[in-house]
Amino acid sequence: MLPLILEQTLNGLQYGLMLFLLAAGLTLVFGIMDLINLAHGSLYMIGAFIAAALFQQFQNFYLAVVLSILLTALLGALLERVLYRRLQTMSHLSQVLATFALILVANESIKIAFGGQPLSIELPASLSGTVNLMGEDLQYPLYRLLIIAVGLAVAIGLYVLVNKTRMGMWLRAGTSDRVMAATMGIRIQPLFTFIFALGAGLCALAGALLGPLLAVSVGMGEAILIPAFEVIVIGGIGSMRGALVGALLVGMIDSLGRLAMTGLLKSFAVSGAATLGATLASMLVSLLMVAVLFFRPSGLFPARD
Amino acid sequence: MTVLLRTEHLTKRFGGLVVTNDCDLEVTAGEIHALIGPNGAGKTTLLAQLSGELPSDGGRIAFRNRDITHEPVHHRVAAGIARSFQITTLFSRLTVRENLELAVQARTGHSFDLFRPVAREPELEQGAAEMAERVGLLEVFDRVVGTLSHGRQRTLELGLALACQPRLLLLDEPTAGTDPEESLRMGDLIQSLKGDHAVILVEHDMDAIFRLADRVSVLVAGQIVATGTPDDIRANPEVIRAYLGDGVED
Amino acid sequence: MSEPLPQPEKSATPLGTGLPSPWAALAIAILLAAYPLVMNALGQTFYIGLGSRVLILALAASALNLALGYGGMVSLGHAAFLGAGAYTAAILAGLGMNQAWVVLPSAFAAAAVLAGLTGAISLRTRGVYFIMITLAFAQLFYYLAVSLPSLGGDDGLPLTERSKLPGLRLENDLSFYYFVLGTAALVFFLLYRLVSSRFGRALVATRENERRMAAIGYPVFRIKLLAYTLSGGIAGLAGGLLANLSMGVTPHTLTWHQSGILLVMTILGGSGYFWGGLTGAAIFLVLEETISAYTEHWNLALGLLLLFIVLAAPNGVMSFTGFRRGEKA
């Protein structure tokens, strides 16, 4: 039992940290630009596809990951320049519609470019082994541990960026009071472009890293978008700390909740307990978000007072 | 004189900051009761608590001997408390007529009467026209509010509150941003309310206050430090020290 | 009063925007009644089914329009109500209940109850939080439908036969169309009465300035909740009809993609305009039908069109018929 719990905890940590990579960009855009970007998940999908395509071209995993991050970040900056900048002054409804449209465009474009078939990324041999944990009781994939390490490194990096740098000071000022930040002489437009590029790059990082674990397919963006939104609402829109705590919370509920629910259902001899447990865990996350919105409408770590 | 409104130990906190602090206030029927105090004394917060927009953290509010501390805004309006806003808050894309008709409709009910067309209801139109005439907006009756001058928008602020037929009006700086002539007209309008309506008047224009008010309460740091006639207040050394200070010029 | 006041025929302000002229209603009714006869004469019977689909989704989009266009409540979760109605119809059919006069009111009631309960919680939040919480609720019901074996899981529930009316067989596409049209006509009539009533005025005024509405004595929360509940109910009714049209229901009806499509239809037609839902559903489905005949990438065209609409005509095509309303409804 204990190895199983540890395994699910690590899986939850891994999923949570990948969610954080998406949520970090989403919460910055949401908090600083007051912009709902439903197409954030599409950048994740695009990042994964670029990585997969580059991998098939060059058969080099590391090169594929790095290039996909750069290219997707560039795409993010471009989108900010031509589209998001104009959406920023529009109503939330217009933002929802336009970014919904962007999802449709992104999905179809990927279908046209790569066909409807899922792509795959193979791991280099050096990363495909397993590691023994708890003696010999749990053989955990090395690559998943690497994802956890990368996720933690990014989290620390973002913490330093937001709390220790001049850029971070601007970000925080922008989140708490946009008008004030502008009057303080912070050049807000380049800051927005940077935020978008950063967010897109983080999406691509998550997409490329998860590529070897999942099938890289159209629609993968929407599958992760809803949990990412739940993360930032739970954590508090605009709060980096909230995004991290929310992401880990959602990751843990998803994996441990799934374990618990499946076990519970099996003990009642319910058929199809595994899939049922998984969807019940997803429901738990939605429920948590509803509860947070009801009792603490600005999230667990409100960015503004 | 009958007491219309009484607050006891009324309190409001924002986080650790106590904005309304153990506030006791009494307003009698038909009087114009000015509320003065330095910036940040909590005047607008107190009005919001009285109107029900902000919940109170402690103490109670009694209106016509009934505890309304936990009543929602629309119940308080029905009981006879209406307010105007310091920052103009109107249906700016609707006409003066429609603004006033909405207020009349709220008073006369049937807003949950789902399937009866309202387009020509003489009752609404008449009530709106009467109010427009009373506050002097009849000539712009069918103009869209957003296109009116600031002074007229301030007048409509008052008109909307008045259309609720309140016993107590909470007026938050009704002359804010108006020119001297408009201010005088607004003053006359407020003067004409005396007797029929009690008014709590938040105002910065001291001349207007001493001209209009029957009584004045001084709010400092969320507490009423003195209440009295304008002459009492002018003479009260504590008030002069706490608030008026060197603001008294003549 | 010194002089009699001229009463404008129809208000040109937002209070009048949502009120249609009776002539438009008459023209639309004649058009819709004649449509299947024309298609029959042309031998294009396929388009009769498409017509039923347009009417059903017009109901759903008009339901959303009531909440969004008239009430200013941006719901990204109306698929939940559409689905609730559809599942109600399918469940009742599974229990052997096929009488339309039971099935459709039940679909309405189930969705209205759901909307009332979730709305009571959601309407305590504002702005983006409202968008997010309606989305979360819809996801909740999606997961529920996928995971509950009694709701058929991923496969959903089939309908073995269409609902019946005494003396009328709805298996036939033509009679089903007229049944849908009759239902839609009734709903549109009631909706018309609703938006032109005191309640309708209060709802639009709440959208315009909620704070002022509260200050002049309106119970704004109850006004919004009632509108949201009715909106959910009408969407549920549309769902009940949709299950009949498609002979079943799948969890796809509950996806947030579906909620997005309903939003798109409403905006396409013109949010806050009475015929916005109908216009939007018709444009959407006809475009889908036409473009899909040429390319499998209809969604690309839709996405680009939608981007164009948002950037160039944020109030939908209905806004070209009258004056432009301001942005930020």
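Letters are used for the chains, namely A, B and C, taken in the order the chains are written, and counting of residues starts over at 1 for each.
As a working rule, a contact is a pair of C-beta atoms (placed from the backbone, for glycine too) under 8 Å apart; a residue touches a chain by one contact, two chains touch by 3 or more.
Keep in mind the model is a prediction, meaning the values are calculated, not measured.
**Q** Where each step is a move between two chains that touch, what is the least number of such steps from chain B to chain C?
**A** 1
**Q** Going by C-alpha centres, which chain would you call the most central?
**A** C
**Q** Work out the mean Cα position per chain and let me know which chain is farthest from chain C.
**A** B
**Q** Using mean C-alpha positions as chain centres, tell me how far chain B is from chain C in Å, no decimals.
**A** The computed centroid separation for chain B versus chain C comes out at 42 Å.
**Q** Counting only Cα atoms for the centres, state how far chain A is from chain B in Å.
**A** Chain A and chain B have C-alpha centres separated by 50 Å.
**Q** Just give me the whole-number Å value for how far the CA centre of chain A lies from that of chain C.
**A** Centres of chain A and chain C (C-alpha means) sit 33 Å apart.
**Q** Which residue numbers or ranges of chain B touch two or more of the other chains?
**A** Residues: none.
**Q** Counting only residues that touch at least 2 other chains, which ones in chain A make the list?
**A** Not one residue of chain A touches more than one other chain, so the list is empty.
**Q** Could you list, by residue number, the parts of chain C that touch chain A in their complex?
**A** 68, 74, 76, 121, 124-125, 127-129, 131-133, 135-137, 139-140, 143-144, 146-147, 149, 153, 256-257, 260, 263-264, 267, 271, 297, 299-300, 302-307, 309-311, 314, 327-329
**Q** Quick one: in the complex, what on chain B touches chain C?
**A** 51, 53, 72-74, 77-78, 82-83, 85, 89-95, 97-98, 102-103, 105-107, 110-120, 125, 129-130, 133, 138, 141-142, 144, 160-161, 163-164
**Q** Give every residue of chain A touching chain C within the complex, in rising order.
**A** Residue list for chain A touching chain C: 30, 36, 83, 86-87, 90-94, 96-98, 100-105, 107-109, 111-112, 222, 226, 229-230, 233, 237, 271-272, 275-276, 279-280, 282-283, 286-287, 289-290, 293-294, 297.
**Q** Give the list of chain C residues in touch with chain B in this complex.
**A** Those residues of chain C that touch chain B are 1-2, 5-8, 10-11, 13-15, 19, 190, 193-194, 196-202, 205, 208-209, 211-220, 222-223, 226, 326.
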